[in-house]
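Note that chain A is present in both complexes that follow, paired respectively with chain B and with chain C.
Let's turn to the complex of A and B:
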């Protein structure tokens, strides 16, 4: 895995080739090749993104879903969500969850990446393969497993907490319901999401570390630098681009987390909503769907994510990835 | 870095702990799936079933969750995943060839677009796409879903494949051209065999995307006979929340194929996502 991260992505222009004859001829070739992709992306990404915008200023319910023309309501949907306390709690939950989950994911992932790098070859490969299992688990399954682990009938977490001394964790855990209020629900959600996403960070950091020349670490050791100092003076500056990518991607993924929360807590549990659950619930959650209001919330979600994506694209462009 | 024997032991112990923590939830799922009910709900949890049973698997596969055969769900999931793989693989190969082999106007724009599009939240797009699919009367049809899955699998597939295409020496294609092969012949006899490994990796990625997908399938599908495995699992879980044995058996059946695929392809995935980040 040493250099695979960089190797296959040489931009074509940079490889010095002796033959340049065939390149000069202008041709429709490349446009024909990307045409199907453009059609798909235009129909399934661009068009619906625009639609979110237009739908967010319309009233779209059962009648409009049956084909009647939608009525324009201006900014009413936005006013409705701004006046809904649930929007603000959902936004707060989303933000707090992103901060907690991303911090934990990046810190745990980095530590495990460093650990993998200092293990022997076979041990490192074994642990990496095990870590992949957490990454590979489908979100639906992951959420169900953690609901089971933190459940009240036969749940393992409550049993362990009950066994631990009372002065440490308190008593009466046996029947504790983790999904009864937002804070414990989000604790379980955070554990579940971090468990699934730390492997990506660990493996990315490991790939980066394999590319750092070992002389640098030798030199640091000779100069008497401890592990803390070595990390901040050598590893972190060298792997800065990886840290940035990993950080931005984690923020994007955790911002819109839906499936796990949907399984754990469900649409009925409105107190524990985040933004995507709130949007979904407004749009589809009742017999009286409000796709307009849902789109207004989805617009807010998309705009925040596009801002984060802009940072990501800037990083990738600066690293020459889009050359 | 520091190679004293004691710190080496400590490192290996830490490695084992990480391994256990990472594997434990899945192991617990599999173990629960094989436990008889008395052991699942015993007051003292047991790590492994003392008398392993297949009754929960039997219930899931033959008992019929939600009145429909398990194989119907499995069939729906496999069909969706395979069509997604074929269509997005073919389109991605064309686009990746364009990006890796030609310099053209708007090439950079196209690449940036691929990056941006990967970040667009499915959780937001599900609202307008539901509206469109309903208008096209494709709700409750696997066709409507597969179209959406291709859209979501395509950008990353191109991003991943372009590296593989770029790695094929251009001279080989030029040699074929000199020998009189036309562009189509060159594509099929030179480029395609050489990017096959990349195509496999990309395909597995698309397969997993479609196989795991929840929100669109949940929103678009109403008819039980059209459910995919994740929707079946969610439905079953919602109906009989405490039947952990069958739920874990069904989860195991959903999860194991993905884990096998994922371990096969994971290195390529990281390559695609953080590609080039280590150049500096």
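Let's turn to the complex of A and C:
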């Protein structure tokens, strides 16, 4: 005898969430939608990177630029660079500069971000405007201004230092040549680059701070925590992703600094070269370009920056947050 | 009459070369619609006005052609030419820095104008030394346009006040600088490290050179005693004698010396005749400024580098005959002299240079005398641009020596670079 079982009663509108496994069909829709973007990024980014990698094992001069096929020279370009003392000096300068500049940029930017967060509306707008002007100044303009500020003909910095008492800053500042040797040159360069870069950090930190619930700060105040403790116990952990982004971006940007150094000390001061100046003087700067060597240096720079980015991605993934 | 004859000769040669080579122009050069002319530098209203006048004169021969002038700032010159050479848009006529001409010839950028030059009446008076710089394998690829040499600018009033006469030897130069420094409390002379062409005058004055072509190869001579003494003297002005300040180390003559001299905080500095308009913009103190040629080691004048520009026809130009016609107008003796005057350069026609116009001029006579004393060129190697501009070998070497490194070691390194770069394939 058949036994009819009543179908399970389902209230209308309820989505069936039965134990029956849903058959998933891979949907191509989303991929199709992002495909155009991917193609553009691949064309504009990956293709040049591949080209540079290819060119770095070739010899490319004017003849090759005009159509002759480039000859493969294997790792000769890399060997030439590794054997060049100036490459290692430039790399050292670049690394030290990045450490100093990024540290200062992040510290100053964070302080300004915290300041902007606690200012009233009008004062905040004023400080923001000043900060934006620093950010909006083109690198060339900033470099020319700082070269003049620290120059010897009518330079403000030397004049101020000369006015200050000798026991504080020493004497003989009037004709001090800031761009005659690497260390003073990089001091000026760091000031210039930090001045131009901290606004980005300040604005990012400010945006992050706006998202922190104020009850946390009230609770900290009630518990008697001072500003230092508050920052490290509340602000920093909550803003960690932003700090990471800002840190990695700053490292990448400061590694590539070229314009300011070119204007401040230029090609006549090889002892103060950083990696980008070294690449420029090897690859361009004359009528006989050596793009193979230039590409090799660019590849080295890219690999270093990829390593930095890899560290960032790893930290983010480890924290369980997908970048 | 002469102009008509020249025109007919040019037209004949243009037609002739076209039929023999089955050239790209159909039966001689029809007037192209536009003629592109590249000028180096940022340009100026005076230069534009002058070129407009040249265009009017040119249009008398080629009424259908408009001249389009494009200014290329000097810092962009190398990359602009690179782009044009690698297939981009090139000019018809272009100004070329005379130190770059050999590089351009090597790269095959310039058209062979030997025949057109022979047919040009005024062309035979061109300065032979300067013209030699534009030739390779017996063919001519450019013509010299204007050139300038360097001399020492000095404060006439201070010299008179302190009883100094324009120095004729290196020792006198050093002594004059010291006297000014002691009396006036300002640096006596400027010795910037980034001034290759001035430093070379001292090397040449001592019988030395950067490199000499021996058996088809460039052999560096920077490690020889002649070069070493000269560079020791120049660097010594800063390091040993302390009559030149170290605030110009790592800088060129336009990044301090020129401004300080114009403002009156510097006794002497080395620059070309073209510096006058720039200095007057800073401070017009012309009455107190004078010039004397860079002295030789123990008398005479030091050989000077004649920096300047030449004019060439771009190889891929489709109107080469017309382009050369434009050059003959732009570089006619009359126009060349007028233009050179506006920039305070010298035209490159020997008879014009020897005329009283220059020998009687109080400022220009020093430069004219220096040119007459001996114009030398830097090695005509295609690697010279890299040696001088990209790597700045001599400025960096001089800077190291000024900051205390051993001259022998640094010059040896510089010499190795000279051997590598100047012989680069």
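Everything below uses one rule, namely that the second predicted complex is superposed on the first by the 262 of 323 C-alpha atoms of A that agree within 3 Å, B and C clash if a C-alpha of one lies under 4 Å from a C-alpha of the other, contacts with A are read in each partner's own complex, and residues count from 1 in each chain.
Note that in this section a contact is a pair of C-beta atoms (placed from the backbone, for glycine too) under 8 Å apart; a residue touches a chain by one contact, two chains touch by 3 or more.
In this text the structure is predicted, and so the values were computed from the model without any measurement.
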{"item": "Partner chain(s) touched by A:65 [first = chain B, second = chain C, both, neither]", "value": "both"}
{"item": "Which superposed partner A:144 touches (first chain B, second chain C, both, neither)", "value": "first"}
{"item": "Which superposed partner A:181 touches (first chain B, second chain C, both, neither)", "value": "second"}
{"item": "Partner chain(s) touched by A:135 [first = chain B, second = chain C, both, neither]", "value": "first"}
{"item": "First, second, both or neither for A:284, with chain B first and chain C second", "value": "both"}
{"item": "Broader residue contact with chain A after superposition on the shared chain, chain B or chain C", "value": "B"}
{"item": "First (chain B), second (chain C), both or neither touched by A:153", "value": "both"}
{"item": "First, second, both or neither for A:234, with chain B first and chain C second", "value": "neither"}
{"item": "Touched partner set for A:161, first chain B, second chain C, both or neither", "value": "neither"}
{"item": "First, second, both or neither for A:311, with chain B first and chain C second", "value": "neither"}
{"item": "Footprint overlap on chain A, comparing chain B with chain C", "value": "65, 67, 151, 153, 284"}
{"item": "Contact footprint of chain A on chain C as seen in their complex", "value": "78-79, 81-82, 85-87, 100, 103-104, 107, 193-194, 245-252, 255-256, 259-260, 263, 382-383, 385-386, 389-392, 395-396, 399-400, 403, 424"}
{"item": "List of chain A residues in touch with chain C within their complex", "value": "62-63, 65-67, 151-153, 175-177, 179-181, 265, 267-271, 281-282, 284-289"}
{"item": "Residue ranges of chain A touching chain B (in the complex, touch as defined)", "value": "1, 4-13, 17, 19, 22-23, 27, 29-31, 33-34, 36-37, 40-41, 43-45, 47-49, 51-52, 55, 60, 65, 67, 112, 115-116, 118-120, 123-124, 126-127, 129-142, 144-146, 148-149, 151, 153-154, 156, 159, 195, 199-200, 203-204, 207-208, 211, 217, 221, 227, 230, 238-242, 245-246, 249, 252, 255-256, 258-259, 262-263, 266, 276, 279-280, 283-284, 291, 294-295, 298-299, 301-302, 305-306, 308-309, 312-313, 316-317, 319-323"}
{"item": "Residue numbers on chain B that touch chain A, as the complex places them", "value": "1-2, 11-12, 14-16, 18-19, 21-23, 25-26, 28-29, 32, 40-45, 91-92, 94-95, 97-104, 107-108, 110-113, 115-117, 119-132, 134-135, 147-148, 150-152, 154-155, 158, 162-164, 166-167, 170-171, 174, 177, 183, 198, 208, 211-212, 214-215, 219, 230, 233-234, 237-238, 242, 244, 247-248, 251, 254-255, 258-259, 261-263, 266-267, 270-271, 273-280"}
